[in-house]
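Dropping the structure in here first, questions after.
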Amino acid sequence: MTTVSSRKDKCETTIRVRYGETDQMGVVYYGNYFTWFEVGRVELCRELGIEYKKMEEEDDSFIVVAEANCRYKRPAKFDDQLTIRTRVVNSQRRTITFAYEIVNSATGEMIATGETVHVICDRNGRPKSLPEKYRKFFPLSPGDGKQ
Amino acid sequence: MTTVSSRKDKCETTIRVRYGETDQMGVVYYGNYFTWFEVGRVELCRELGIEYKKMEEEDDSFIVVAEANCRYKRPAKFDDQLTIRTRVVNSQRRTITFAYEIVNSATGEMIATGETVHVICDRNGRPKSLPEKYRKFFPLSPGDGKQ
Amino acid sequence: MTTVSSRKDKCETTIRVRYGETDQMGVVYYGNYFTWFEVGRVELCRELGIEYKKMEEEDDSFIVVAEANCRYKRPAKFDDQLTIRTRVVNSQRRTITFAYEIVNSATGEMIATGETVHVICDRNGRPKSLPEKYRKFFPLSPGDGKQ
Amino acid sequence: MTTVSSRKDKCETTIRVRYGETDQMGVVYYGNYFTWFEVGRVELCRELGIEYKKMEEEDDSFIVVAEANCRYKRPAKFDDQLTIRTRVVNSQRRTITFAYEIVNSATGEMIATGETVHVICDRNGRPKSLPEKYRKFFPLSPGDGKQ
């Protein structure tokens, strides 16, 4: 059973490294990559047609992070333009996994890769199924039954 | 008309500069001082006997910032221990002004000074008077009538 | 004595509010505005033809902040698109003052205004005159002699 | 071949959640946990007798992060006091792996766990062996030969 889809399920967005994102090593502080992952994630949602703001307000559905990781390949520096490539790599009833690649827009060099695993929760932090109206954007990945 | 008070209306709290708070100039990024001001402000509230968390949740009163400024005297560096001295310098029906001094705990050198002006608001951002139960902590400053 | 100039000395740049820039009040944390001021400042330098990165590396000239202030007019929220308008309001031998307006790009509403005063310093934090090659970008404001 | 050691190779440090560390979900923004890991790491180094500041300045040795991950168990909230437990879980010639547990200091509940893998590098980002003088603090873990 495979999911064949012509839907857009990845996106690219660019950011420029801010001075405040560097540290005294002269490169970007490692925690800031997770902020950029979030920028990519929000942008992918937008391109899918989801306004995440409304998902929280109108559908009481929050995409809560359960796990996050990053592998740092090359340092990013102040004023570098970076491309964040985001895609959905797994989607289950209650969980969504995003993967990220951050590359230097000018040179194409890989800066970092990472993943984040999210659980759909209500306002009070209780896990819930992704509302049906959003399911089309996140079709179930093969093997859902096992999770 | 003067306010004579033996109440505690200032406090000192110490923090240690985090690596992520520095930037590539090798010193603390200028925006982070405002986070430290907030640390001092929260600590002063706590010492006054106010739990700011509850003020938001139970009394629908948010201390919303209207103005903030900082003057940078000497750079703070990674791992420096800093003392934040916070005091209330003006308190009106709807506004409170805090002043801050940040000094190097080891040398006593002045690192920065600043002020923040706050307006009491409800959950929806509408200005309101400070609830009566908190007034004892923030007695009206002379000259309230004019504001 | 007035400075007549057709030079570009202001710029507009847009940013989108990141999730991590909000706080539990549901609006942008007040310290983050200073990061946006920096984004505007760097962009203005770029549009003037200055690459700030090289100014640090090749000319041993750092634009060190001495004062910063912000007045908060309306809250900015997650995913809002904001326009940062930056201009030079005063330029002396050793100091440059920038002013900022942050408006909601969609509604035009004023979100915040602010200023930052900077001193040109070398790598070791000693004040120095702005290198001659950069002076054309920051022509002396009237009244320099007095400062 | 096992490493028997009575050395201190773990430490506990406490922090209090800052307002600016929360996001509009009302809990701590996920990227900030990595800042706290760093606080734990620096504190462990200090307790081992290493001043990380000097390691950079005097020994041209930077502990550069290569990988980082975090698993989020329960949300941390504004003003919570948290205990960061840090320990070295693997130490090789050129790499050190730290593990972290973050618990609510009051309730003991596990908030998050994580690891960071680091490579020793010189000022220019080239990997190097950990200087001999620091080896006593990070005795080789079994199985070094294979890496």
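All chains are identified by letter, namely A, B, C and D, in their written order; residue positions are counted from 1 within each chain.
Here is the rule we use: a contact is a pair of C-beta atoms (placed from the backbone, for glycine too) under 8 Å apart; a residue touches a chain by one contact, two chains touch by 3 or more.
Everything quoted here is computed from the prediction, not taken from an experiment.
**Q** Sort out for me whether A-D or A-C is joined by the greater number of C-beta contact pairs.
**A** Between A-C and A-D, the larger count of C-beta pairs in contact belongs to A-D.
**Q** Could you tell me which chain lies farthest from chain A when each chain's centre is the average position of its Cα atoms?
**A** Centre of mass proxy via C-alpha means gives B as farthest from chain A.
**Q** Mind checking the centre-to-centre distance between chain C and chain D? Centres are C-alpha means, answer in whole Å.
**A** 35
**Q** Quick one: report the Å distance separating chain A from chain C, using the average Cα coordinate of each chain.
**A** Centres of chain A and chain C (C-alpha means) sit 31 Å apart.
**Q** Would you mind pulling out the distance in Å between where the CA atoms of chain A average out and where those of chain D do?
**A** So the centroids are 25 Å from each other.
**Q** Out of chain D, which residues touch more than one other chain, so two or more?
**A** Within chain D, residues 19-20, 24-25, 31, 35, 38, 78 contact more than one other chain.
**Q** For a test of understanding, state which residues of chain C touch chain B in their complex under the given definition.
**A** Result: residues 24-25, 30-32, 34-35, 38, 56, 62, 64-72, 75, 116, 125 of chain C touch chain B.
**Q** Per the contact definition, I'd like the list of chain D residues that touch chain B in the complex.
**A** Those residues of chain D that touch chain B are 18-20, 35, 38-39, 42, 51-53, 77-79.
**Q** Over in the complex, which chain B residues touch chain A? Could you list them?
**A** So the residues of chain B in touch with chain A come to 19-20, 22-27, 29, 31, 78.
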